[in-house]
Structure formats: C-alpha cells, structure tokens
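One chain, subunit A, appears in both complexes that follow, with subunit B as partner in the first and subunit C in the second.
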Partner chain A sequence: MKRWKTIRNKENGKEQQGEEPFQALLQQLVNSDDFIQFTYKSAAGLLCIGYYTSLIDGKILHQDILPNIKSLESIHHLHSLIPIENIIVTSDVTKIKDSLLNGHMMVFITKDIGQIGLVRAPVDNTREVSIPEVEFSVVGPKESFVESLDKNLNLVRKRLPLPELKTIEIVIGTISKTKVSVLYIDGIANKENVQTVTQRLSDLEIDQVNDSSYLTQLIQDNQNSPFPQLIDTERPDRIASALGEGKVAILVDGAPHGLIAPTNLFEFFVAYEDYFLNWAVATFFRLVRFFAVLFSILITPIYVAVLTYHYELIPKDLVSTLVTSRNPIPLPPIMEALILELAIELLREAGARLPTKVGQTIGIVGGIVIGTASVEAGLTSNVLLIIVALAALASFTTPVYQMGNTIRLIRFPFLLMAHYIGLVGVAVSFIFLLIHLLRLSSLGRPFLEPVYPLRLQGLVDSIIRLPIPFQSKRPAQSQAEDDKKFNAMKAKRIKDTKKND
Partner chain B sequence: MGKLRINIGLLAVSATLLTGCMGIETQVVDELQLATAAGFKHIKDDEIEATISFPVFLTDKTVKNATLTATDTLNKELRDRQNLKSEKPIVSGKLEVILFDRQLAERGFFDHLDSLMRDPSIGSKVFVVVLDDDPKDVLSKQYGNKDTGIYLSNIIQQNIETGLIPKTNLHLFTYNYYAEGKDPAIPIMAQSRDGVGIRALGLFKHDKLVHQIEKDELFFYKVLFDSNSSGETMAIKFNEDKKASIINVESTRKYEVLQPMSNAEIKIKVKAKMMIREYNNGLLNKDKMKEMENFIKKRFEEKSAELIQQFQQKGTDPLGIGEQVRTRTRNWDKKKWDELYPNIPITVQAEIEMIESGLIN
Partner chain C sequence: MEKKEKQISPFLVFFLIHKIQLGVGVLGFQRDIIKFAGNDAWIIVIVAAILVSISLWFMYVLLNRHQVDLIDIHKDLFGKWAGGALSIIWIINWILLAVTVFRNYIEIIQVWIFPIINVGMISVIFIILIYYCISGGFKVVAGLSFLGVVIPFYIFMTFLYPLEYANFRNLLPVWNHTITEMALGTKEMMLSYLGFSTLMMFYPFIKNPTKSQKWAHFGNLFTMVLYLFLMITTIVYYSEKQVNRYVWATLSLWQIVEMPFVERLEYIGIVSWLLIILPNISLNIWAATTGAKKIFNIKSNKLLIGLLVLLWLFVILIKNSDTIAKLNQISSMFGMGLIYGYVPILTVISFIILKRRRKKDGKVTN
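Presenting the complex of A and B:
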C-alpha cells in the first residue's frame, strides 16, 4: 500500500527533469527481472539499450534496431538509422516510463546525456479476429471483437469509413492504465450523450479495469439495478449500426466486448441477426423472445400461486394431471419449485464453470438423471419439472447475456411473493418491476423509451421490426442531431426500368 | 447511501410487521377435497339430504369417485357435517354440477341456491340440474375414469354445445329467476339402463318446477328460443315406415309485437335452412323436397303453437315472450302482464328451406 502511494505521489508531483530522477527511474526498472539493459560501444561512445522483454517484439529488435544502431553518433539521428516511424527523443521521465510500459525501448548514449530516444517495437500477441460466439448468427458478418483496442477500432472503422467517426481516448485505472475509447459520429450523435459518457469515464476512481463490464457497472445510471443499462456486444456490425443511430460506443483495451449507450429495455432482446432476416420473420422471432421473457419470469410463480391458493383457476381437465403428479410429494409447492429452480441454477453454474466437454456431460447428468430420478423418487412433480425446464430454456433466448442473467434472478422475488400472497403477490411484484423499469434511465434517457414515453420513431424497431425503408429515422431515444437516416420516400419507391421504356 | 439505508430499514420494518398480515390460509390443491357435484334431496319439511361427490386421485393416474352425505336444514351446516367425515377439507371451488331431486324442485329450491351464489369460490358457470332419481344413488356411481361430477358436467356441456339443450348455468338460472317476463328452464337428468343422461327440459315458474319439455319437442323449443341457432336435429315421420331426419343448418327467429301490453296477437317468425340427413322414402326429387318443406313448415307451426299454449296454461314463460314485449313498450307492468300472458294469441310462422339433401353415389 505504501509503495503504491509513493508511486502515485511521484506521478502527481511536478515534472521532474534531469539526471537525478532518471537515475532513480533506472534503478526502479532494473529491479524487475524482465527489464533488460545492455551497453554497446558505438561510434559515439557508450550506447545503452533498455526494454521490457515481455513487451518488445524480438523480431523488430533483431532485424530493424540492433543492426542499424551501431553507427549511431547522436541521439537525434536515431530516426534516420532505424526504419521505424515516430521515434521520440525526450528527457521527460514520466513519458519515458509510460512509453517503456507501452512497448517502447529506450536508447541513450553517453554523448547526449539526459536525452533518451524511444523506439516503438511492441509485441503483437493478441488473438486473431474470430467468429462471434455469444452473439452468433447463421447469416451475416462473422467477425467479433478481440482484446486489442487497435484491432477493434479497425473493425469498426472499416464499416464506417468517415472522417466524422471520432474517438476520444481516456486512460482509466491507477494501476491498470486501461485505454478506453469513446466512439461517436460527429454530426449525428448527440453531443450531450458524448459529454455524459466522457465525463462519467474520466471521473471514474478505480485502480483496475479488466473488462468493459467493469465500466457498465460503474457508469450506468442506477448501479443497484439488476438491469444492465448499457448493451455489451461482441459484434462490430452492431456497434457500427448503433453509431449510425446516433448512439455512443465505448471500446476498452483488453475487452472483447464493446458497450453501447443510450439504450432501452427492448434493445436487449434484439439479436443482431434480426436485421439479416425478412422483417416478418424477424418480428416473429422478436415476439417469441418477448413471450419467452414473460413466460420465464411468470410461469413458475403462477404455478406456485395457483397451486397454493387458487385451485379454482385450474381447468377441470387439468386438475387430475396436476393432483396426480403432486400426490406423492411431501413438500409444499414453493419448496418444490425452489428446489427445482436451484437445481437448474446449479446445472447452469456447473456448466459455466467447467470446460465445454465436461459441461455437456453435466447437462446430461443433471437434466436427465437428476430430473427423472427426482420425479420417480417423489420429490418433484413432473409437471413442475417441465415448467421449470421450459422457463430456464426461455431465459436463455435473451440475446444479451447480461440481461439473461437478470431475467433468471428476478424470478425469485416473484416466487416468494407468489407463495406468500398468491396471484396478488405476482401482480404486486410485477408492479414493482414496472415501476423500477419506468424509473430507470440510460445516460439520462428513459429506459422504456419507444413504449413509454411512446415514440413511433423508435417503435418501428423495438418489439417489432418493420421493413428497412420504414426505419428511415433514427430512434428518438438517442436524440440524434440529425435524425434522418435516409429519404423514406425514395426508399419505398422501387422503380425498375423496363426494356420497353 | 443514506437514502438507501433508510429504504432498506423501512423494508425490513414493514416486512416484519407485515408477516402478520400475510398469514393467508393456503389451499394447496392436493390437500383439498375438491367437490365436483352437489346433490340435494328433500327428506321432510325443511330437512334436506346433501351428497357431494369428489374425485380421489390415485397414484396410478386413475380417478375414483367418492361421496359424502349429510342431513340438515341449512346448506352450509351440511358442509360442516360433511367436513367432520372428510380426510381433507372440502372446498366447493371446483363445483361443476348442482343437482336437486324432483321433489325439491317442485317445492322450490331457491333458498338452497342462495348459499351457493353467496360463495365467491363457486363459479357462475356451474350447471343446475333437476334429477329424477335419488342424488345419492346417482352420485355414488362411477362412470368411466373420472368422478361423477365431471362426467355429468361433460354430458350437459356437450349437449349445450352440439345438441338440443339451450345454454344453462347458475348465472342464467338466477338471471331468469329475477328477470321480468322470463322464467328459468334447466335440464332434467335421469338414470337409465345404460347410465345417466338428459331426459327433458324442466320449466320453472319462479323457482318451482311446473312443466317439462320432452325430448321430441326440444327441437322446436330450441329453434324458437335462440334468435340464431344451428345444429339441431329432428326426426320426422310421414307415416308408419316413411321417415326422414333433418338438421337445422341455420335459423333465425324474430318477434312481431304490434301492440305491446294488450291482447293483440304476437307473431313469432322463424326462417330456417335445413338439410336432410336420412331419408327412406324412395328417390328424392325437387317435388318431394318441396313437399317436405311444406310438411315441416306445417308441423313446426303446429307443434310450436302447441308448446306455447302449454307454457301459457302453466303460467311459465321460458321463451321470454314477456321480455320481448317489455323491450317494445314503455308501459311495462309485471302484474298486468301476468294476467294478460295466458290469453294472448301467439302464433308461429315458419319459412323452411331445404338447401341440401346429402350426397349419394
């Protein structure tokens, strides 16, 4: 703790120049075993090279730097000897330190004491752009973000070749020094949104940012809400389309997921594949997803409420099925439901923690063996088993993983309320949920936007997805400076020139 | 942070205080005795015998019918007496059929219905039925793999949907009971050699059974009763061995009341499209179809008039003719109508069209 403090104090202190602090820095650097320093005899006396082996590409060092550097006479001639762009010569100790940690190597000669040359030779060991796994789509682009910010920016910029696409770089984290880029299209995105995002990011007080999900949790409007208020996506095409709608995107170095804001509840149930399908099919799939959410949250609580309090509601033909399946079970419906829900959560958690191949086995063991065995042993009724399994399945249809987790979590308060006061409890919980959602905002914009407040402009692409010519305007929620995407009249008028004309 | 702490505190306090309010009695479905049918039988004076039937669900997925019987004067007292003998608490939320024996129906049973209507867990779609036999006897028998309540309810349901019984339930019974110018009509069920079934339609004056429409006449009643109806079937006999069966494809019924609240004639106009289902009088041709149309028209008008006359004599109005008059006048007077009703000439005019005669190859 004390050590970090001293480092930070040095950073914050006045710019220290001269040999004395540089010597101190050198001392500090040499303390680490992966910092390498060696001295040559060159044309102009002693030549010293220092770098972190873990950060430097050996190939550049061997091919471009070492063969050329021997004839170095003055540190200012460095750029004419080495075929690497943007060589800096400085005496700023802080800059030297930062550059060394960012994959530069330092060169200095006894002749030009106090002047340090910095050569960029970072090792590129990020993984290749691969197929999106979380947001897989059968049709459409198959590239997803990787951990390198530069690669990710490249993926977005390729899709938006515009000078208006601007990025603001912010460094966050006192020890992780994570580079974060805020992306927006100048002239489309609302300046207020950009301002809010950059301000919230630069105000952050945190030591480490290891993933973009840190930022989601830290900068969203209500941090206690189980609902994420920023979409995270691994698809560059989704980010590009969000930017085109006047939204702001955040890319984090080291995170394979970008963030989009402002956003609304309905966007969390939009799979990007929807845009690659015919509008009728896409609308159907979206409706299925919304049904799945409601089903997943409500079906088990309704089962518990009806079986515990409202036997009158059971249709007469279903009574015998329900009662026979529950007959051998000694537990009240709530315990039965909780046990099964817990079992499903255990299976999910075990599957998530284990390697894929073992995970599959867990699915089979849990799903089939435990399921049938517990029914046969008379611990759970098979009707509830079906219901809980369906509800779990339905919760997995949510395209945004974070939202899927939320859906699974908010089922439990519903369950308890259903047990305490029956369907009234389910209704009360639902009211609480609605109130909470109504109070939520994303970058200060209402979270239920196209529905409440009702905005037809956004409604065409929310619960339903109308044909692309109908989406000629940017959604009202992003409050775009220019809300016209394209000319709707021209888009709807399809004219074929005939041979005879 | 302070606000959050206050909120959590409030939540904790209200949760502890409200647990007292949450002591709602649970009614877990498999820990209840779900009565599906209740039968009432007149014993003497005020005393009635009540039998409930309920399903017992066995683990091999079969359902056994069981009954409990008690005798008392008050309906809810009966429940308490039955509860004394029951393994699980008896609840009436899944009641499907309420049966009254003929004796009780003739004495009037509205007082007994009262307790059933007051109970919010009893649906208004429960069937009310008159039983020609002993309710205890009928309810204690099991028909198929279901309890007798559901079985009886299915019989009635099926006949309302596809057969000759007009729509009936607890709500409609009480509606017609209180309505001015209309009287209730509910099915009469009885045991026969091959089980239990609907025998006739019982007609009520207030809550007393006064008359009944037999099976053969239900066709005419149903067509007259519903303003739009379809699917009713009728057999007609031309003579000893020449018969035909027809089905009503679509019929409409209209009233013509020229001078309401007077002795003037009331006309009921029926337009029906019918189809021949069975015919054994040689080849059908256009002339014969025409002949049949006339035959049915004559028969329909005669039979309907006869039925209405019976209603007038018994002082019951299941067709709701009074209600038709009431909607056409501002001088409605219940007492005056009751005096007028038996003597008003009511005629039926039928217009029959045979649209199909089936397919013969």
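Presenting the complex of A and C:
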C-alpha cells in the first residue's frame, strides 16, 4: 500500500486526465484480500503488477510473464517481451476493471503513468469434457457441454466449421455479469427468430444468471405454463443439428446445458440417439415414448374414475381380479392412488437429493419394502401398485428431463378431476391440456407444429422418423431462410461402380 | 381480411366444416329419419348432403364477391341499423345451435352415465373449457376442431363390430317410399348437417379463401360418408321396429361391441365425444361473439363471458327431454330457414345491389 502511494506521489507533477477514477479503482481493488500487488525495480524505474490471485494462472505468471518483464523499458514494449497474445494498453478505467475481473493482470511503470498494460492469464479450472449423463446414448458421440462458454463454443464450432456460424454475445445480470452467446447460421436461420431471442435476452432485468435454465424460464413465451418452451440439451451434436435446421441456440457461461428455440412439443420426446439408429427402430422407440407419455398421464386417473364410478366398464373376468385385490382396502380409490403416487414422488425426490450410492439403496428399500408392505398391510391394492409403478417408469422415458417433470406434475389435476366426475373428468382435463398446448408458442411459432398447423415437411421427423433422405427439407417451424438441406433425389441414389465379375 | 398471423390455411376448412356438422346429432339421428323413410333412409343422407353442398355453393358465391364476413356484408348492403338487426338474427341462430348441442350432450351424460349429476356444475366446467378455447383466438378454435377430428377418429372403427351381425337384405327393396316421406325425412336430417353457416364468419380468417371452396365441399362429403356409414350399419343391424325404440341408436350400436378389457364401450364413446362436440360449440359461440363484437363495436372479452353466461342459463333452464326435443325442432327450423331461405335471397339481393352500384359508378365516371 505504501509503495503504491509513493509512486503516486513521485509522479504527482505529471498527473494526466482520467487518473482520478483510476485511483478510486485502485482503492477499491486493494480492499479485497485476494488482490495482489507488488512493485519491481526494472530497467525503466518502478514496475507495478496487480492481479486477482484467484483468477490468474500461476504457471503463466511464473513462466511467461515474470521472467520477461524485468527488462521492460516502455509499457508499449510489453508485446515484444511477453509471449502472450492480445496485450492491451489502455487508460480506460472500466475496461481495466472488467479485464482484471476476467483473468487479466495489469502492469504499469512509472515512466508511462496513466497507461496500463493488460495481460491475459486466466486460470482454467473448468472440468474436462465428459460423457453426457442426462442424455446418454449407447451409440454416437459422447461429448457433453461443460461449465465454460469458450469450451462449449469450441465443441459446437468443431462440428460446424463455417464462417456463417455467427455468435452474438450479450452480458446478462447486474451482479453475475454472465456471458451469454446466441448462435445461429447466417443464411439458414430466420432473422426474425434471431432478433426475437437477442431482443428478449437484452431486455432481461435480473441480477444473477447461474444457469441456462434461468433463461428458459425468463424468455419463454408463456412463463406460467408447466411446459418448457425451449429445449435444453447437454449434447453439442444436438445443438449443431438444431443450428443446421435453422434454429437459434443459446449458450450460457457457467452452464453445462445449451438451449434451442424455436421448438415444438414433439421434439421433447426425441432422444438424440434416434438419429443414430435405423429409421424403423427409431420410429418404434419414438412411438413407445409417446405411448408411455399418454399411459403415464392417463392410467391412474382412469383407474380412479373406473373404480369410483364406472364398475360396469370392467369385463366380468377382470372384475374378479380387481375385486379380490381391492377387497381388504378401506380407502376410496382416490386416496389409495394419491398415497401411492406421493410415495413414488418421495422416492424420486429422495433419490435425486441423496448421493448416488445411497440413492440406489433408497430406491431398492423404498420400492420393494414399502410397496410389498403396503399391499400386505391392506393399504393399497397390488393392481394399483403395478399401475402406479408402470406410470412412473413410463414418465422416465422422456428424454428431456424438464419435460419428464412436467408429465409427472400434470397427472395430479387429472386424478382429482377423475375423482370428481369420473371419465368425463379425465376427458375434460385432457381437452384442457390440448387447448393449453394449442395456445402455447415457442418464439411465437405454434407449439404443436407439425401436427397443427399440419406441415408434412416437419412430420417426417416428429412422432415418426423416416429415413434420412426423406428429411431433405428443414422443418417448417424454424421458418428457415433456405429450407433445403440437401438434394433428396441425389441422397436416395447409391452410386456403386459396377464390379466386373 | 384479417391479419396474416391470424389466418389459417385453406385445407383446414375441411376440418372446420366437418366438425361443425358432426355434433351430437350423430348419436341418435337414425330414429327420426327411419320413421319416415324406413330402409331408404340412407338415400336421404345423400340427398341432404347434396342440398348442403348447394347451400355451401351459394355462400361461397356471396362471400367471394364481398370478401368480408356476413356482418360486413349486411352493413354494406343494408346500412348500419338494418344490417345490424339482420346480423343479430344470425347471432341468435348460432347461440341456439350451441345450446342445442350442449344440452343434448348433457342429456346423454345424464341418461347414460350419471343419472343424478348436477347439470349446473358440469356445464360450468364445460363452459370454462369453452372460454379457455375461444379466448385463445380463432387459431386455437380451429386447432381444436382439427384435433377434434383426428384424435377421436378411432371411435368410428368400433362401429365395424356390429357389422358382424349385419343383415344386408334389410336394405332391399330400394326406393319403396313416397317423395313426401323422403322430403319429410330430409327435413329431419338437416339438423345433423347444420352449423356450417359459421363459414360466413370465419371466411376472412382463411388464407386464399376462394381456394378453400373445394375443401369445404370435401368436408361436407366426409360428414356424409360418416353419416352414411352409420345409417347403413343401423339399417342392416336393427329391424325397423327396433330402431323406433332407441332414441340414441348409435350409442346402442356400441352395446354389442365386446372387447377383452372393456365392457360397455358406449361409456368410452360418450366421453370421447366431448372432444367432438366441444370444438363444435366453441366454433358456434366464437362466431356469435365475433359477430356481436363487430356489431356493438366492443373489443374486450366481456362479451364472450356474457354470452357464455347466457349459454349456461339456457342449459340449466331447459330441464326435461320434451323441452330438449322442442329445442331441437326450433333450432332445426330456424337454421334451415336461414340457410335455404335467407342465404339464397341475400345472394340475389347482393347481386342486384352491386350491379346497380356498378352502373351508378359507371355513370359517374362517364
């Protein structure tokens, strides 16, 4: 502290413009204990160095900067001495502040007072690119995003070596100053979509953005809907393919998930692995998933409705099974169902909060012990136990985690309506869900596309997935400027040179 | 014309026309027609469809010339006051149609599923759904109509079961009824086809509306195919005397269906039918609201709420099945009168007035 002051006093006569704010900045900086400053005697007089020790890579500092800097004669010679690119010399105080907070160190000498050299030496302690855990696939690439924007951008750009791939950087959050990148391919993506996304992002009024899911909640069209209207994914290949379809992607610094918009309901049930499998297999898996969703939402409410009001619906062979199983149970079907659904939710929540190893044990203990015991105690029927377990299992088939949560949640209103007015209630809830989905939009594009409005161009890759040559056009929902991916005719032909036998 | 974002593609007119025709009538239209035309009832289904097509053609002639909806046509031809008064007749017609479908459906729920259900309560639930749908705008109403055709289509597959016991000789001899009997039957049949007059309200919401005409006719054709299929199934499955005992012959058809996991399939049918009739009611109420908004120059949703309260009052005030039958009679006559009397006359009047105007304009410019 004292030394700094002496420098200032020495150079008092040469005071330049803009020094006053710089003094104030220094004052502010040295108040933090992890801000280090020290002075050297160098060729050109006193040399001062200052940086946040928590943000600077010690290796770079020791190997590249400190050994070379001693012979510094003028601040403008920094470039020639230090083997680090992009050294800035400036007197702009805000710039200095931002750079210091982004892993730069500052250098200045008594000779060139007012001119501060900024050397970039950030510590890189983000984790290595690893295997996707949420969207795991057996075949296909096994990279997933990490918490660094630069690394994530690198992962995407590696897959799309195009000068047309553009990024727009926006800083969001008054205290977190999170860097957010909007990615799109110029000439393919619709300008209107890019405009909407950047507009919504730059209009955001918030203090902290700690993850991309904050942005999902803040910029989606209907914030009260339980349905997410932006896909979040941890797979760079999925982002790259979405960009190729003319969509817009958002990457957030510090978030291991990217966002894709606009999107539709059906994309939430697309596992990216579908594209690595034969089309017939992929279509079958997708149909299984859609069936699973319907099953998961409807089966318990139907059980409650039928057993509360419509015994006549059950064929007589099945009645005996149901009656024997429900006979000793003192609770009405709705209570029985709610208890079991809640038990499953408890198990899920406990499993999610506990460390992996303990979580598995809880799953087994809870699933088997509580299940069997509650049937034996006569609290629930084993038919319902099977139904609820299957419904829970079915809800976990949804590839996008956020959507899986939604599906588990919307089952409860269905249950209550089923208890209230039986099957009519199930139908009412279902229609309510349909209307809600019809009203939703993603970046102003209908959420139920390509089914409504019906677009054959998108239908080939929605509920079903046809062979890749059939997907020669970009989906209508992204309103791509150039909607042709490749020449379908050429793609369908396989040109083998004829062998001469 | 409406803004482009609000418009729908012309082929959706297929679903809208079909949806608005296929309401609650299809569950029990057979008895009244077979009463008059016996085994020739299927001919009546076709004749009525042809009459509907002619009426659709009239509407398109009128609309294509004006390129606006019915309310604006009235205003253009008859001025603000007289035109407004005439428009109100149509609005009453659409509300009446909505009430008819709504009340009949609730009657079916009462008779078949919940004999002691609280009508006021259940209709409030339905009305909330209708409000949620209509307040989303025309695109949502059209979307629900589309899904309302596509999703419950599996129901019609189940009508293949009764064909196992079909006696196709029931159809013979063809044409053994008098023209008067056939005409009376056709009149009865018309109620099942009614509602397509909402076309005159959603016409400006169609992209390239002139192109949508063929889709409208296809929609009508599709309705006819479904009615024809059900009518022939009924004729070959029941004897004429049996049909007379069933108010809802279509529902009774389901009773023969046996599946390993479900008995009483008509329950599933009636419940699924909600998805078929809800867009129907919504479309009628949407037409009435949009019309009323234009006449009284009100922009807010209060009018929609008002109309829905009115709808609810109608539904709970109509109590027994005699009144419902009377309601069906009235709305059938009213709707028919409007479509076969009013629309052709309006087309002719518009033709004359526009011609005279053109002459006048010609003189002025000369």
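Here is the rule we go by: the second predicted complex is superposed on the first by the 482 of 501 C-alpha atoms of A that agree within 3 Å, B and C clash if a C-alpha of one lies under 4 Å from a C-alpha of the other, contacts with A are read in each partner's own complex, and residues count from 1 in each chain.
Just so it is clear, a contact is a pair of C-beta atoms (placed from the backbone, for glycine too) under 8 Å apart; a residue touches a chain by one contact, two chains touch by 3 or more.
Predicted model only: the values in this text are computed from it and were never measured.
Undergrad: Counting residues of subunit A in contact, which comes out ahead: subunit B or subunit C?
TA: C
Undergrad: Output check: A:Asn327 vs subunit B and subunit C. Expected answer is one of first, second, both, neither. What do you get?
TA: First partner only.
Undergrad: Just to be sure I read the superposition right, which of the two partners does A:Ile421 touch: subunit B = first, subunit C = second, or both, or neither?
TA: both
Undergrad: Tell me the contact category for A:Thr308 with respect to subunit B and subunit C: first, second, both or neither.
TA: First partner only, subunit B.
Undergrad: Figure out whether A:Asn125 sits in contact with subunit B (first) or subunit C (second), or with both, or with neither.
TA: In the superposition, A:Asn125 touches no partner, neither subunit B nor subunit C.
Undergrad: For A:Thr497, decide between first (touching subunit B), second (touching subunit C), both and neither.
TA: Neither subunit B nor subunit C is touched by A:Thr497.
Undergrad: Going by the contact rule set out at the top, does A:Asn224 touch subunit B (first), subunit C (second), both, or neither?
TA: first
Undergrad: In the superposed arrangement, does A:Gln27 touch subunit B (first), subunit C (second), both or neither?
TA: A:Gln27 sits against neither subunit B nor subunit C.
Undergrad: Looking at the overlay, what does A:Asn86 touch: subunit B (first), subunit C (second), both, or neither?
TA: A:Asn86 sits against neither subunit B nor subunit C.
Undergrad: State which residues of subunit A lie in both footprints, the one left by subunit B and the one left by subunit C.
TA: Of subunit A, residues 309-310, 312, 314, 316, 421-422 contact subunit B in one complex and subunit C in the other.
Undergrad: Going by the contact rule set out above, which residues of subunit A touch subunit C in the complex?
TA: Touching subunit C from subunit A are residues 309-310, 312-318, 421-424, 426-428, 430-432, 434-436, 438-439, 446, 448, 451-454.
Undergrad: Per the contact definition, I'd like the list of subunit C residues that touch subunit A in the complex.
TA: Those residues of subunit C that touch subunit A are 8-9, 11-12, 109, 113-114, 117, 122, 125-126, 129, 132-133, 136, 139-140, 143-144, 146-147, 151, 258-264, 267-268, 271-272, 274-275, 278.
Undergrad: Give the list of subunit B residues in touch with subunit A in this complex.
TA: Residues in contact with subunit A: 4, 22, 24, 26-30, 32, 34, 36, 55, 57-59, 61, 63, 91, 93-94, 96, 121, 123, 146, 150, 153.
Undergrad: If you look only at subunit A, which of its residues touch subunit B in the complex?
TA: 224, 306-312, 314, 316, 319-320, 322-324, 326-329, 332-333, 420-422
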